[in-house]
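Chains here go by letter, A, B, C and D, matching the order in which they are written, and residues are numbered from 1 within each.
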Amino acid sequence: MALPDLSVDLGRGLVLANPVMTASGTCGFGEELARLFDLRRLGAVVIKGTTLRPRSGNPPPRVVETPAGMLNSIGLQNPGIDQVIAAKIPPLARYGVTVIVNIAGDSPAEYQELARRLDGVPGVAAIELNISCPNVDRGGMVIGTHPELAAETVGAARSVTSLPLIVKLSPNVTDIGIMAQAVVGAGADAVSLVNTFTGMAIDVERRRPILARGVGGLSGPAIRPLAVYQVWQVFRALGGGRGRPARVPIIGMGGIMNARDALEFILAGASAVAVGTATFVDPWTALEVVEGIEQYCRRHGVQAVRDLVGAAQEAAGAEVEQHDGEQGGEHDGE
Amino acid sequence: MNAETLVKAVGLVTRAERSGRGFFRLTLHAPEVARKVQPGQFVMVAVHPLVAAEAESLVARWDPLLRRPFSICRADANRGEIALMGETRGRGSALLAAALPGQRYSLLGPLGRPFRLERARRRLLLVGGGMGVAPLLFAGERFAASGHEVSVLFGYRTQSAVVGWEETAAWAAGRYLATEDGSAGEKGLVSDVLRRLLAERGKVDAILACGPPGMLAAVTGVAREARVHCLVSLERAMGCGFGVCLSCAVARPDGTYALVCTDGPVFAAEEVDLTV
Amino acid sequence: MALPDLSVDLGRGLVLANPVMTASGTCGFGEELARLFDLRRLGAVVIKGTTLRPRSGNPPPRVVETPAGMLNSIGLQNPGIDQVIAAKIPPLARYGVTVIVNIAGDSPAEYQELARRLDGVPGVAAIELNISCPNVDRGGMVIGTHPELAAETVGAARSVTSLPLIVKLSPNVTDIGIMAQAVVGAGADAVSLVNTFTGMAIDVERRRPILARGVGGLSGPAIRPLAVYQVWQVFRALGGGRGRPARVPIIGMGGIMNARDALEFILAGASAVAVGTATFVDPWTALEVVEGIEQYCRRHGVQAVRDLVGAAQEAAGAEVEQHDGEQGGEHDGE
Amino acid sequence: MNAETLVKAVGLVTRAERSGRGFFRLTLHAPEVARKVQPGQFVMVAVHPLVAAEAESLVARWDPLLRRPFSICRADANRGEIALMGETRGRGSALLAAALPGQRYSLLGPLGRPFRLERARRRLLLVGGGMGVAPLLFAGERFAASGHEVSVLFGYRTQSAVVGWEETAAWAAGRYLATEDGSAGEKGLVSDVLRRLLAERGKVDAILACGPPGMLAAVTGVAREARVHCLVSLERAMGCGFGVCLSCAVARPDGTYALVCTDGPVFAAEEVDLTV
């Protein structure tokens, strides 16, 4: 049998050699991982969330472990977009790594400015808009939970760049399908999900939240079943179904620790996946996921990994269908 | 980070010692780490023992999820062995305390910047508090072997908390022991004993310190007053240990943050602000 | 020191000897646990979700284990309200156990009918309305995610019973605080949270969801940080704060495995807690939680457990405060 | 459920045998369980070994979260020992396969309804498939000891999958072995061999069967045709093992569900619908 075709097309010319990327904020700017293995063997590297101005981040403690997961509140520590463009992207680009830049702003205007500065920068393959930030302009409204604000933000970025735009959705919503529809309507070329779930851990001896900022974002295997389901939902909300692809490709993530986990996302409807927290536990995970997916394809006689996208939706019986209506598919409430 | 040297290794437990108070000391066969590691460096240990190779891929145990950082307190390149010592604090350390000879643990390392000293700094004083003596034991042995004159000042809460003290006899030129309650050695805090020692004993070319935050803040204060070069080894909650998660932040004097895992764990005292 | 006072007042005369209950659907109708220990040592027992007509439940597989959690889709298997009243409640009541009956319906009218039948039944201490069921009348809208529908449902039940009404909130919403406000406005005496999070696990070898019904509800330690945060949010949304209690008591649950976990919920703002999935792992857990809370109070010189309710909110600095706005307190989106 | 007898016990591993193919057999010292258990009953085993008592409360390991059901395949009340046998299927069984002597595991049990037979049913035929032989070994030994005439018909995929066969020699009146590929014993499926045996050997008063779903469906079919009383021991994914989670549903002929943990695991064949 020929090598399985692992390539994926994420739209607007963004074609990856394979469907596996690193998740933003979990691989820095690629420098550390580049010493361990050849980053070109990954589909793409999504670098740390970048803001207009440099940010020194939140006071520690910034992470706390929870059952099969971790909460983080790093506070978007990063050197700012200009420094990222000047010093962080060039070495990766020179080396031939597919670089996706994750950006975060306080307002549609800030996202627009970030996108403008990235447009035309050599070596930037795509922009990922992290829209889970509180919107300061709109009195603390969160872009990632309001379809109109999200659409406005995507539209603003869309108008200033011809780079592929991936919009990273927040899972902290009643119906992530509606968010996906809104950003695709506004010009997103792909959506990625999930970002972290908002959570908290309390130090019962000291009677206060453990993280210095109180709340944090939950990542890791604990959230995997929730993330897989949200990918499943978005696939349907974007018109995907038995044999039909979704309107735009989905990048799935949330607790992927190995190839089996990654395949759950692909079968639920993701065209590509990202490895996040797992990299902390084992820096070679993303590479092993690539290899594991390839092995799976060989073992099952799958010619192209894209044939697996959403395949579990096809298999799902009427009961799943019926259960999984417009409103986000509540199960029966146990 | 000495990232060039980072490997994922399997450490086979060849010896597991435990004491009633939750202290443990593991000797692990991990030749590559033993060969590369320098004093002050650490490993990230997965707290679940590995199972049979053919079953390992089946066995996803994600709770606890993250590896735990442990200093290397001894390394023997010839035997291919390293030693870790620890105390039971939470769930990760409690699991490691239960390790049995024959079990294998996954290690990432060696990690972090080691203790680095110019040869000219001949007279060294190692100041350790509690389990903070771990990296100092390795440093003391190596620096003594390479011709430095090494003294130790170790402080503990009480006699039954004394750990790592005996083995300093093999290489330490001067040995000072203190406990907070006076149940062993001198009664008092290490920082107070340090102040007196620096006054009485005269010249020390460098202090290497490791211990709880309060102790380190006090020790660096004494060193600054006495104008003695001081290196500190810090502990912070770590997500990854190799610089990608940004969780191990420690404040610098200018208000920005350094990373303990890659910029440290060993810092010159003036590089970090231990008061915040 | 005197024994700490563990009693809690959940409103409308519902006073529990201690703040620990079993969660609905995780202790059957109490029969099995009653053989293991004296159920009167718990604050209350919340029995399996009960519907108007008997239900035989979903086809297996009904559960799948996930990292530090489990997905279930039992399908509300129960003998129906009449049988529950005739055969299940009397033995518990005779024995002196505080019994709370969890009910589930398809429409406000069904909840009303269930509440009507329970009103005046000897030994029923309170009703818990599980409002995470799809509403058939409203074309599949989910009562638990629509404030108006939820309020209508609570109002309907309120009008036919003088029993204390606890409303069990779904966590699958953008802002659970708004849901809490809606049901309290409609007459809820207390709120309980969280019910399970909707999730999915996929069998990658067979390329289909593992559960027969596709989706399931995630419970267990994996969700604890999410549940603690939702209790924290609801406490604030109901006016709780430094030294101020919430407008109605909150019953917190989600991944409680021991007394330490239970105290996280109490410190976040819960007046009482429920033990769910942990009972499967160790049937004595709820009892051990009672004992552990009592020990904690002694060790810390706490006179009454109610003094701990929301105590972590008091300690929380301005940063948590600032972070935690009207819109549900997004962290900064990492 | 024999709920009166359910206890939480600690099982100390006194012997751990493993074979290359992922089979394992654990002998556990657990006197209370050993005394109470009856053939057909099972225990729910926590797959994480316990750590030192003083640290156990610290060590919350919730992945895997749920206990795993295992049949008791031998019990010795005098020595206070029980034995479990298993094969590595997923993560829980892979962890148990790594158990070492001296480790302790938390057990809930004994659980479930045992094999119950009137004395008059003298001639028994135990029909096992693969690891399904586990509860039959215990049943065979006990029923033979109490005066029944017990024969066994065990089927496996292939020779290297044969497990538990040798020990039947001690008590079985007749012994029939089959493998699907004919590499050991007779070639064929147990259900086919069973049909022939029933025709050739004449009267059997009861069949006790345990094995994979397909085999059980076939075996109960043959028993029904031959009008032989048949008890089956079923396996289903279990959340709790004692009747509170409702996860272990098995269809009854009337379309409602029985619970394998408390209504079973042993059922009379006609009580359950094995075709759905």
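Here, contacts are C-beta pairs under 8 Å (C-beta built on N, C-alpha and C of every residue); 3 or more make two chains touch, one makes a residue touch a chain.
Since the model is a prediction, treat every value here as computed from it, not as a measurement.
Common neighbours of chain B and chain C under the contact rule above are A, D. With centres defined as mean CA coordinates, chain C is found 32 Å away from chain A. Distance between chain centres (mean CA atoms), chain A to chain B: 37 Å.
Rounded to whole angstrom, the centroid-to-centroid distance between chain B and chain D, based on C-alpha atoms, equals 50 Å. Averaged C-alpha coordinates put the centre of chain A at 45 Å from the centre of chain D. Residues of chain B in contact with at least two other chains: 60, 62-64. Residues of chain A in contact with two or more other chains: 25, 67-69, 72, 74, 220-222.
Because contacts link each chain to all the remaining chains, their graph is best described as complete.
Contacts from chain A toward chain B in the complex involve residues 25-28, 31-33, 35-36, 48, 56-57, 59-65, 67-70, 72, 74, 77, 220-222, 257-258, 277, 279-284.
On the side of chain D, the complex with chain A involves touching residues 60, 62-63.
Put simply, chain C touches chain B in their complex at residues 67-68, 221. Touching chain C in their complex are the following residues of chain D: 1, 3-4, 6, 8, 46, 57, 60, 62-67, 108, 236-237, 239-240, 242-251, 255-257, 262, 276.
Note for the complex: chain A touches chain C at residues 25, 49, 66-69, 71-76, 104, 130-134, 140-142, 144-145, 170, 172-175, 195-202, 204, 206-209, 212-218, 220-226, 228-229, 232, 255, 260, 263-264, 267-268, 296, 308, 311-312, 315-317, 319-320, 323-334.
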